[in-house]
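Input: a single structure, listed below in structure tokens.
Read from first to last, the chains carry the letters A, B and C; within each, the first residue is number 1.
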Amino acid sequence: MVAFVIRRLIQSLLVMFFVALVAFTMFRFVGDPVHQMVGIETSMEEREALRERLGLRDPLIVQFARFVGNAAIGDFGLSYQHKRPVAEMLLERLPATLELSLVSAVFALAVGLPMGVYTGLHRHGVLSKFFLTISLIGISLPTFLIGILLIYLFSVQLGVLPSFGRGSVVDLGGWRTNFLTVDGWKALIMPSITLGLFQLTLIMRLVRSEMLEVLRTDYIKFARARGLADRAINFGHALKNTMVPVITITGLQLGSIIAFAIITETVFQWPGMGQMFLLAVQNVDIPIMASYLILIAFFFVVINLIVDILYYVVDPRLRVDTATANGHG
Amino acid sequence: MATPLLEVRNLVVQFPTRRGTLTAVDDISFHIDEGEVLGVVGESGAGKSMTGAAVIGLLEPPGRIAGGQVLLQGRRIDNLPYEQMRRIRGKEIGAIFQDPLTSLNPLYSVGRQLVETIQTHTDMSPTQARARTIELLTEVGIPAPERRVDQYPHQFSGGMRQRVVIALALCVNPRLIIADEPTTALDVSIQAQIIALLKRLCREHGTAVMLVTHDMGVIAETADRVAVMYAGRIAEIGPVREVIKNAKHPYTHGLMGSIPAVGHDAERLEQIPGSMPRLTDIPQGCAFNPRCPHVFDRCRQDRPDLIPVEDSRVSCWLYDRASGPGIEVAKARVASTHADDLQEAADV
Amino acid sequence: MAETPIQRISTEAPKVAGRFGDGLRRFFDGDIWYSFTRSPVTMVAGVVTLIYFVLALFGSWIAPHNPFDMASLNLLDSLLPPIWQEGGDARYPLGTDDQGRDMLSAIIYGSRVSLFIGFASVILAMVLGVGLGLISGFVGGTTDAIIMRIAEVQLSFPAILIALLINGIMRGVLKENVGMDVKQGDLAYTVLILSIGVSGWVQYARTVRGSTMVERGKEYVQAAYVIGIHPITIMWRHILPNVTGPVLVIATIHLAVAIITEATLSFLGVGVPPTEPSLGTLISIGNDYLLSGEWWITIFPGITLAVLVLAVNLLGDWLRDALNPKLR
């Protein structure tokens, strides 16, 4: 177990290193950082002084090391456009994105998993065919279009849900949450459906195909031959075996929800990090782009580690590999 | 005569496919008595595994029982609703499959799988079921069962896993066990141990066995009676000694010729020329007729049914009172067949 | 079998020799075409895709107006509803947008833009991915390790994020280092194609790398190498034809993804400028008017986009199954 986690940690560090390198390259070489920080009226001397102070004349290796060191303590520099610390801006907007992603992920899992199990068990059922057709259409509809259609239906036509923003939020020591007001929950409904729908269809299709695969195995046949109840076979034996690959891929998908939030947040004017990133792309605000990239990579790495641990909990084959059969049959 | 434990009457198993319906098991009848071991042999595709699956009600769709009856202690079980049949599986008819490496769920400990099966069929409490589980593991010869009970299948060797599978099949004392090639996937050195274990346990518990295999050696050692299957039908059925020493069907005779006998000075192993027909093109008349050295006109027209000859029953027109040459002549002819004659028949 | 390597070349290699032409010919014979004619859904998808291609190629003759010609637009005709609603105008069957642009013409021209950028991005990703995959699989060693490591890192982020990032970097580089602003049509197209193309190469590379490693191990390739045929010739003649099928499947599905990505980027305001709108840009324009009830500016391009992507997806699904009967 320890060796396994350490190996994964090293891999994660490699990914982070690579991402940091990309972020640093963006920061250092896309445009001139000094040019971005000062006004037109700043003199050449002042510029050079700033360049010296920022350490932009040091060897690249030193600059990169400093960049990584600063990033590790959460210092991502100032936004070119807003002249505020990027870390502060990200932190302000982090709760909005995390809450939206969490609700979407729960929605995608809570609906996608049962639908996948159902379509796997009742392969030829009318409802299964219906689910599959819907899922194909779901994959073909771009996320932003789904959001727009929902707004048109529920906000414009029916007028039951807010079309933009977070609604009322409650401030819990700097973490502003949607979860404590009815209004906040109502504001969450459409954005989280929009964001979760694509993952939902993926999870459903994945669970379905894994389920079909597992139901064909010998141990399921043998479980039937032992006279176990269908419920025990389908939801105990089959579903648990389905979980191993499903956890891996679902975990990765949930990670990408945070990144996909860019689109949803723009459609619903949801004040999260994604919306901020998009504005940064439009305005070429490199520090925000670079730090968003690092933050997302960090989330991916953390989620990957959680997935690995879950994987380990579910599958005993990964656990005690040393204690193989003692003696032969 | 007492009611046999299992009786199969005119069983037909069919598979609808795109190219028409295939008949995998074609109108076969046999019985198994309490505590008896019936061997079922034949080449792959002869329908022996299908017969086993049909008895236990686990034919893989689209395969289905298209005719006939299966009776357990005189009660029909082939037409039971799914839920009632499920209660019979494991409790009254146990099963052992070919590959122990894939028969156990990798994510549950062996103990949990045993306890689960016991509790499905009995009212035992979890503690009782666990005690019974450890008892069973001891019985099938797994060392240190108290420790092994909580281990996972991947921590057991192939032979040990098959022992667990046997424990699972026997855990609620079924009257009959269907063992489908129980040793094929194992090392040769372990095969004999597993067969000996199965034989001993079934004798101790008075469990009857339907032992499906393509290995005549296993049958000779284990079975009381044997049924030889060919292209979905029973070619010959009778006491194991009789069938081996005194094969009456030309196919059985050929099959026995293909077993290497230790201590015999056989010049060479005999092999039946040609191969079993595929289900899509079974010839008219006796399915064996294109390969049979004794074929005559009737064999090419009519399909023979089982005819009682001495202690066995044989489906071969040679033994028919009306069209055959007489039982003694037929026996002599089959017994004197050699590989050369077989070759000649195949060339014709 | 005492065959020499030379003999093997002469017996085996000709079967796979030739360029893509041979691969495509094999591809369309027999089974695959047969399975197409057997699936009504696929045939409908094929016909729909074909209609889009025809509209894209001959749009300027078919469309009633030229929506890119700003001079011909009349602001008095702006925001007219479709013809069957009250206030509709016979000249504009699907209504007009805020500039007075005919929606039907805008959709036809927009489909052309979307398809063009989609195809160009797919071709870029394909060339990049197949090339890197071939090198990775054929050269192996450190080169392979580096390429595959980059692929893995890229694969752990959604393509849309990578595309946005590349888009942002290119805007930055062009603006700060070259002094050009990405608001003009051609430059916007280039930036879009590059960002979508570069974000999509990984899948091609992985598939091609796998096949290349398998083929490289085969005797005829070894033999060709031994008798001094140039590695590039070997790759082109012997390895490439073997990956035509899988690459075509990936390309078809990627086309759907690329069209969606283009629409998304345009919707997010970093894609095609509103002066020469793609489907995504049209939806984005319409989004501002949706709340006030002018639904047609959004809904018609939306349906057009969804139907196109659905048709391409269906074709891709079918192609995957037809080439890989085991997966069915």
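The rule we apply is simple: a residue touches a chain if its C-beta (ideal position, glycine included) is under 8 Å from a C-beta of that chain, and two chains touch if they have at least 3 such contacts.
Note that this is a predicted model, so its numbers are computed, not measured.
Counting hops only between chains that touch, chain B reaches chain C in a minimum of 2. Centroid analysis (C-alpha atoms only) places B farthest from chain C. A straight line joining the Cα centres of chain A and chain B is 55 Å long. Annotation: 25 Å between the Cα-based centres of chain A and chain C. Interface of chain A with chain B (complex): residues 217-219, 221-230, 232, 236-237, 240-241, 244, 314-317, 320, 323-329.
The touching residues of chain A, counted against chain C in their complex, run 14-15, 18-19, 26, 30-32, 35, 136-137, 139-145, 148-149, 151-152, 155-156, 163, 252, 255-256, 259-260, 262-263, 266-267, 277-278, 280-282, 284, 286, 289, 293, 296-297, 300, 304.
Residue ranges of chain C in contact with chain A, taken from their complex: 149-150, 152-153, 156-158, 160-161, 164-165, 167-169, 171-173, 175-177, 256, 260, 263-264, 267-270, 280, 283, 287, 290-291, 293, 295, 298-299, 302, 305-306, 309-310, 313-314, 317. Of all the residues in chain B, the ones that touch chain A in their complex are 56, 58, 86-91, 94-95, 97, 99, 102-109, 116-117, 120-121, 143, 151-152, 154-163, 165, 168-169, 186, 190, 193-194.
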